[in-house]
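Take a look at the following structure, please.
Labels A, B, C, D, E, F, G, H, I, J, K and L are assigned to the chains in the order they are written; within every chain, residues are numbered from 1.
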Amino acid sequence: MRVLIINGPNLNLTGKREKEIYGATGFESFLEELRNEFRDLDIEYFQTNLEGGIIDRIQAAEGIADGIVLNAGGYTHTSVAISDAVRATGIPVVEVHISNIFAREDYRHVSLTGPYVAGIISGFGLKVYRLAILALLA
Amino acid sequence: MRVLIINGPNLNLTGKREKEIYGATGFESFLEELRNEFRDLDIEYFQTNLEGGIIDRIQAAEGIADGIVLNAGGYTHTSVAISDAVRATGIPVVEVHISNIFAREDYRHVSLTGPYVAGIISGFGLKVYRLAILALLA
Amino acid sequence: MRVLIINGPNLNLTGKREKEIYGATGFESFLEELRNEFRDLDIEYFQTNLEGGIIDRIQAAEGIADGIVLNAGGYTHTSVAISDAVRATGIPVVEVHISNIFAREDYRHVSLTGPYVAGIISGFGLKVYRLAILALLA
Amino acid sequence: MRVLIINGPNLNLTGKREKEIYGATGFESFLEELRNEFRDLDIEYFQTNLEGGIIDRIQAAEGIADGIVLNAGGYTHTSVAISDAVRATGIPVVEVHISNIFAREDYRHVSLTGPYVAGIISGFGLKVYRLAILALLA
Amino acid sequence: MRVLIINGPNLNLTGKREKEIYGATGFESFLEELRNEFRDLDIEYFQTNLEGGIIDRIQAAEGIADGIVLNAGGYTHTSVAISDAVRATGIPVVEVHISNIFAREDYRHVSLTGPYVAGIISGFGLKVYRLAILALLA
Amino acid sequence: MRVLIINGPNLNLTGKREKEIYGATGFESFLEELRNEFRDLDIEYFQTNLEGGIIDRIQAAEGIADGIVLNAGGYTHTSVAISDAVRATGIPVVEVHISNIFAREDYRHVSLTGPYVAGIISGFGLKVYRLAILALLA
Amino acid sequence: MRVLIINGPNLNLTGKREKEIYGATGFESFLEELRNEFRDLDIEYFQTNLEGGIIDRIQAAEGIADGIVLNAGGYTHTSVAISDAVRATGIPVVEVHISNIFAREDYRHVSLTGPYVAGIISGFGLKVYRLAILALLA
Amino acid sequence: MRVLIINGPNLNLTGKREKEIYGATGFESFLEELRNEFRDLDIEYFQTNLEGGIIDRIQAAEGIADGIVLNAGGYTHTSVAISDAVRATGIPVVEVHISNIFAREDYRHVSLTGPYVAGIISGFGLKVYRLAILALLA
Amino acid sequence: MRVLIINGPNLNLTGKREKEIYGATGFESFLEELRNEFRDLDIEYFQTNLEGGIIDRIQAAEGIADGIVLNAGGYTHTSVAISDAVRATGIPVVEVHISNIFAREDYRHVSLTGPYVAGIISGFGLKVYRLAILALLA
Amino acid sequence: MRVLIINGPNLNLTGKREKEIYGATGFESFLEELRNEFRDLDIEYFQTNLEGGIIDRIQAAEGIADGIVLNAGGYTHTSVAISDAVRATGIPVVEVHISNIFAREDYRHVSLTGPYVAGIISGFGLKVYRLAILALLA
Amino acid sequence: MRVLIINGPNLNLTGKREKEIYGATGFESFLEELRNEFRDLDIEYFQTNLEGGIIDRIQAAEGIADGIVLNAGGYTHTSVAISDAVRATGIPVVEVHISNIFAREDYRHVSLTGPYVAGIISGFGLKVYRLAILALLA
Amino acid sequence: MRVLIINGPNLNLTGKREKEIYGATGFESFLEELRNEFRDLDIEYFQTNLEGGIIDRIQAAEGIADGIVLNAGGYTHTSVAISDAVRATGIPVVEVHISNIFAREDYRHVSLTGPYVAGIISGFGLKVYRLAILALLA
């Protein structure tokens, strides 16, 4: 099984800034742990700050990935275009958020991608990626 | 570790009605599977249709449970009182929903308990309970 | 044919308080008239002030009642949980209101159960129960 | 007793179009049944697609009808002018809707005439006219 | 100078119904007084319950009336179409309301025709027509 | 192919008033051009200021027209009744607006008929009728 | 009869600034005209930029004025306190606006004093004061 | 004089949890103080987490209590049903809140029971119960 | 202990106007009672109709009063400026309203000063001042 | 005449996914047809998933294209930045949508670019591009 | 060049209270620095807590000041009257705020004076006055 | 001190288009002036139409710039992602707008980046960049 993790804007800063919200672990080292834990899986990772870059990647995953773990960051709450890409793809998508979006600003309580994903996991720190892979495996 | 699963209104119908939304497995048989999988855990289960009954149980769990998996059903979207109970308790709570609340009616996109739980898992069918326990274990 | 009448919060006060809104007849004596008029029917009556109590009763009616006449009182306008119970049941439900909900406060113009019932009758005093039974019979 | 039934816009299509919503019976044949059932009553029928035509008819009914059964169709949700006519008339008005307005689009959940009628019956198909007459008789 | 008074829906009931709001004088007898007072003016009067009828009349006034006194009744608050007719006409229009629209229901506080008239006079009973003519004369 | 063009309120003023919005060509002379261009088509034209008149005409077109070009003018933004008529008809309807409704007042950005038409063409002056016929032909 | 004219904030600038909205006549010279026209009346004039100053003056008018013509300027749309003063006074108040408040910014379409005055005259330039006095006289 | 104090959901936790909001004194010991201070009064105390339980108790107080001090907790902001019970009772009710509801979350600024109580006291800690009794005594 | 009572706009009319809302006792005579009851206190009283006058007084109280009882009248619902003054002061402020603000117009349900006061007492007539002093004393 | 067609996010999937909404024809083969039909025109085509990429292209078209056909896809409803680019350009822009935006989700009923384009054509499938070119030609 | 600085409500407390928001420097000493820095300018300073006082001063500045630096404090967000005064004046006005209004409560994100000033500077502490003078000088 | 100026979408058109809003000076020549004026500073300039490009640049500035002057253009009002980048960076950011955002369309009155910047300067033309640098220097 091939899993594609897509991280959106500012998630390359995980572990470097706003640690009280996103924790102190960098994503790269976490990714290593993840690959160690799921040795049977082919886990690909992609990060971009570009809204359209996320769309490009979702489209390109067709036939290449069996599941997508998507953390669209700030675009989660504003992007009809990414929402359309998620709806159009044939690959199951699990939406994750490192922090609990309901515990933050009002504008983060809305997810435009939410209606088109298989499910949402929000608020357990980096563990949400691990849980998302487990959800895809089941 | 002692885990308390609290199911709110109409969740006793799981597997019996609206199977296109909630699936065909009854909660009791699923619970058995869960206990088999997590043999080291003491998993207690409680279901009620009463808003205040959920509050009573959360309060009574103090000192008895180490984690709560809460599916408050329809009360999720309307109950300030349950939200207050979750905020007051010292036990970590994971909120789960069998269906994806963002893929349903607008009034289900809001969670009053959301700001006070450790995290939310929504939309993978009964598997959300399994993922929630994993989240509590981590 | 077995008909179950469920009355929600404060409807036990009918005939005792706020007579300018709900009229001067007590529900018990009205119920007697109703049973006299519809001698072929088995009319069961249940009143509770508990939101979850209404849900319990709707669930318990499965296989026992052929039609439900539901006056959920103040819960009509706020309860997603009762709304879910009405949607889940296989028994046809007729929603009634003694007073005309559109002629009262704004917050009473909304019915959360409304979308899932067979029909709504509002505003003719206790006669709404009689009309509801006629609607179920037809 | 003289009853005037007023049907508003598009209700002349009943039985011809959108049968999944309004049923397969034409209003004229239903009217015949109704007159047969209530032989003691003088049932007059009027249909118009004109907002002002409904107002004209309500005004003209003064002294001629003892009760009005009003289905203002789409004007129900938008017409302050018809609402004013209903409020001004001395004749009791029962508002009916063939389909359940709470089970349809949001803009149909509002009734501008609602606050000024004796009561509302919505959602049992053409039977609502029969129930409305019974309500007027009581 | 030729003045056209246009009265909209239900204003033919003035003096007959809802006298606590609209007063006890019928419009016809009031009109006579008005014509006596303004003997130099050619005062034409038109009443209709039809939204489109008001538009027809405004259009037909072109070249025939020098000023319009418009009481569009309930259509004031809902009709984009009449608003468009007022905007399109070259004749100055004074908007009047017998009752004080700000002292009534919220939905009467809005005037769609308001932005396109010369001015608004609301709330002095039938005197508003007299004041409107004085405003047109000035 | 028989095409019916329905123009709503104030559109009889095209070419006479508000030329900066609607242009300087009268609809009748434009209609002549249109008939010259589409000689194979039977183009019928109807204008009314009455909301109900539009509904009457849509209903009467059944079996007589193969396509409707509808410019409901100000009723576009307020009429549930015309919207219902469009939904009920079996004839394809193309909605047109001479001016660009998104470039005007906020209340013109909403179209109640919009959800039920084949498509919308807005903002190219009288050319929208020509484009609408081309859309029907295709 | 003693009439008190109260002008609120910035109305001392009438005739000096924003003449395209408020006209070119200064209020003092207009006042002279007004007193000439209504020689039988005792017309007192008061202007202040202070919200509380308007309240003080309304209260002080008790027993001294028989009618108040109030142009509260910008406070019309925001002042609950002046609204309360108008409601409390026993003197009839006519609300006036030099410009047509419905033809200006949205926030000027609301009048907090509106519900408590005898009537409103808006939009004919300084003539509104003359019409208001006529309304008080009638 | 007999006073009934009704405490709603989570108020049994007073003194145990969220002390920064609700203070460190348990309600039972505070109650003792209160009874000592008002020795002439018969002070009864009732706490429940059930919405309907509060309604039951208000209804049962008829003829038994002379005044009710009601802290409906989280139900204050959401319960039409309790609001109806307060409106129906003949006993004067004083609404209290331990914390200042205007200084907390937006959804706590609304009180559905508010319109039907004698008065509201909010924000002085447990002292609000003492002040409420004084208000009832006066 | 020195207590400063500040009354805002129109509260000088207490006992004179709108007695059905504010009662029949004038504030001055009530003040005398209050001073008799609390002989140990130095109770100062200030009334103004000016928004800024209330701010001036709150600022001037620094070091002179130990507690403020504030009834800002209509400014309660609109004044950010007074709200800022209350927040800035070091003196505890108790907000009072003679009538129950939740039982009146919607715009009175909001208090801009509310978030910054020690507590709110609303709806027991002039007694609220007495209760407020007791709250300050405690 | 040089026409530039700009397609926004996910429109490269036309003919491949969600065919029930966007049809079964791929854009490339459709483009060929279009060029065959309009042999005199120089039709350039550009697709990007990047919001800023659309802006870049609109700016670069200056002096190179005589008309733009813009389908900004999901950005239509959210992008102030593209809206600004359309407003700034000197080239006439026709906005098109393959599906009828009024027949879809609420958030698609809004067009931020709408106010600045020459006109909008929505809902006839790929034919909208053909109609747009005709509109530009006229 | 003559510059008038107008400070609104509570700004006389700068340096005394809420120093974490407004800083520790008193305005008078800051003013001295400012006058030292801009020795060529005639800098006049005015502070008032009265809404109308600000209007009085803006009007009085006509012909006396060449530029106004306005910090209307809490009135910024609520005062149509001051907004009208700013619009009416012929003197350029620069709006300043010591704190960043977008980083504070929602109701401070709105500026009623904003649309009529030359520009806004918000959030650099007392430096905003210095920057405003520089902006006026340029 | 190293200052980075970031200009967002369409700001490369400054001086070329919409000169009535943005002025006639091109940014490049203005930049030269700026560098001449602040010879001690290292002023870097970056413009992009890409939302994600702005984020990339803010992140890349870490350790390289001592202050950022950000004009995010149309993204200011819609981008949660840029807002997150501003919040995450350790470099002080000054937000500028060439035109006065409060004097333009409603949707420009909102700034998502506003809460996280040091301050905002809006509305003095290109001078805002100069003032922003002065603010950073202070």
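The rule we apply is simple: a residue touches a chain if its C-beta (ideal position, glycine included) is under 8 Å from a C-beta of that chain, and two chains touch if they have at least 3 such contacts.
All figures in this text were calculated on a predicted structure; none of them were measured in a lab.
Steps from subunit E to subunit G, minimised over paths through touching chains, total 1. On residue numbers, the E-G interface is repeated by H-I, which shares over half of its contact pairs, out of the options H-I, A-J or A-L.
At the interface between subunit A and subunit L, two copies of one sequence, fewer than half of the residue numbers in use appear on both sides, so the contact is built from largely different positions.
Centre-to-centre spacing of subunit D and subunit H amounts to 47 Å, using the average Cα coordinate of each chain. Put simply, the C-alpha centre of subunit D and that of subunit K have 62 angstrom between them.
Residues of subunit J in contact with at least two other chains: 50-53, 78.
Of all possible chain pairs, those that touch are A-B, A-J, A-L, B-C, B-H, C-D, C-H, D-E, D-F, E-F, E-G, F-J, G-I, G-K, H-I, I-K, J-L, K-L.
Against subunit H, in their complex, subunit C makes its touches with residues 8-10, 12-13, 17-18, 48-53, 73-75, 77-78, 107-108. Taken together, the subunit J residues at the contact with subunit F in this complex read 100, 102-103, 109-111, 114-124, 127-128, 130-131, 134-135, 138. Those residues of subunit E that touch subunit F in the shared complex are 50-53, 55-56, 59, 78-85, 87-90.
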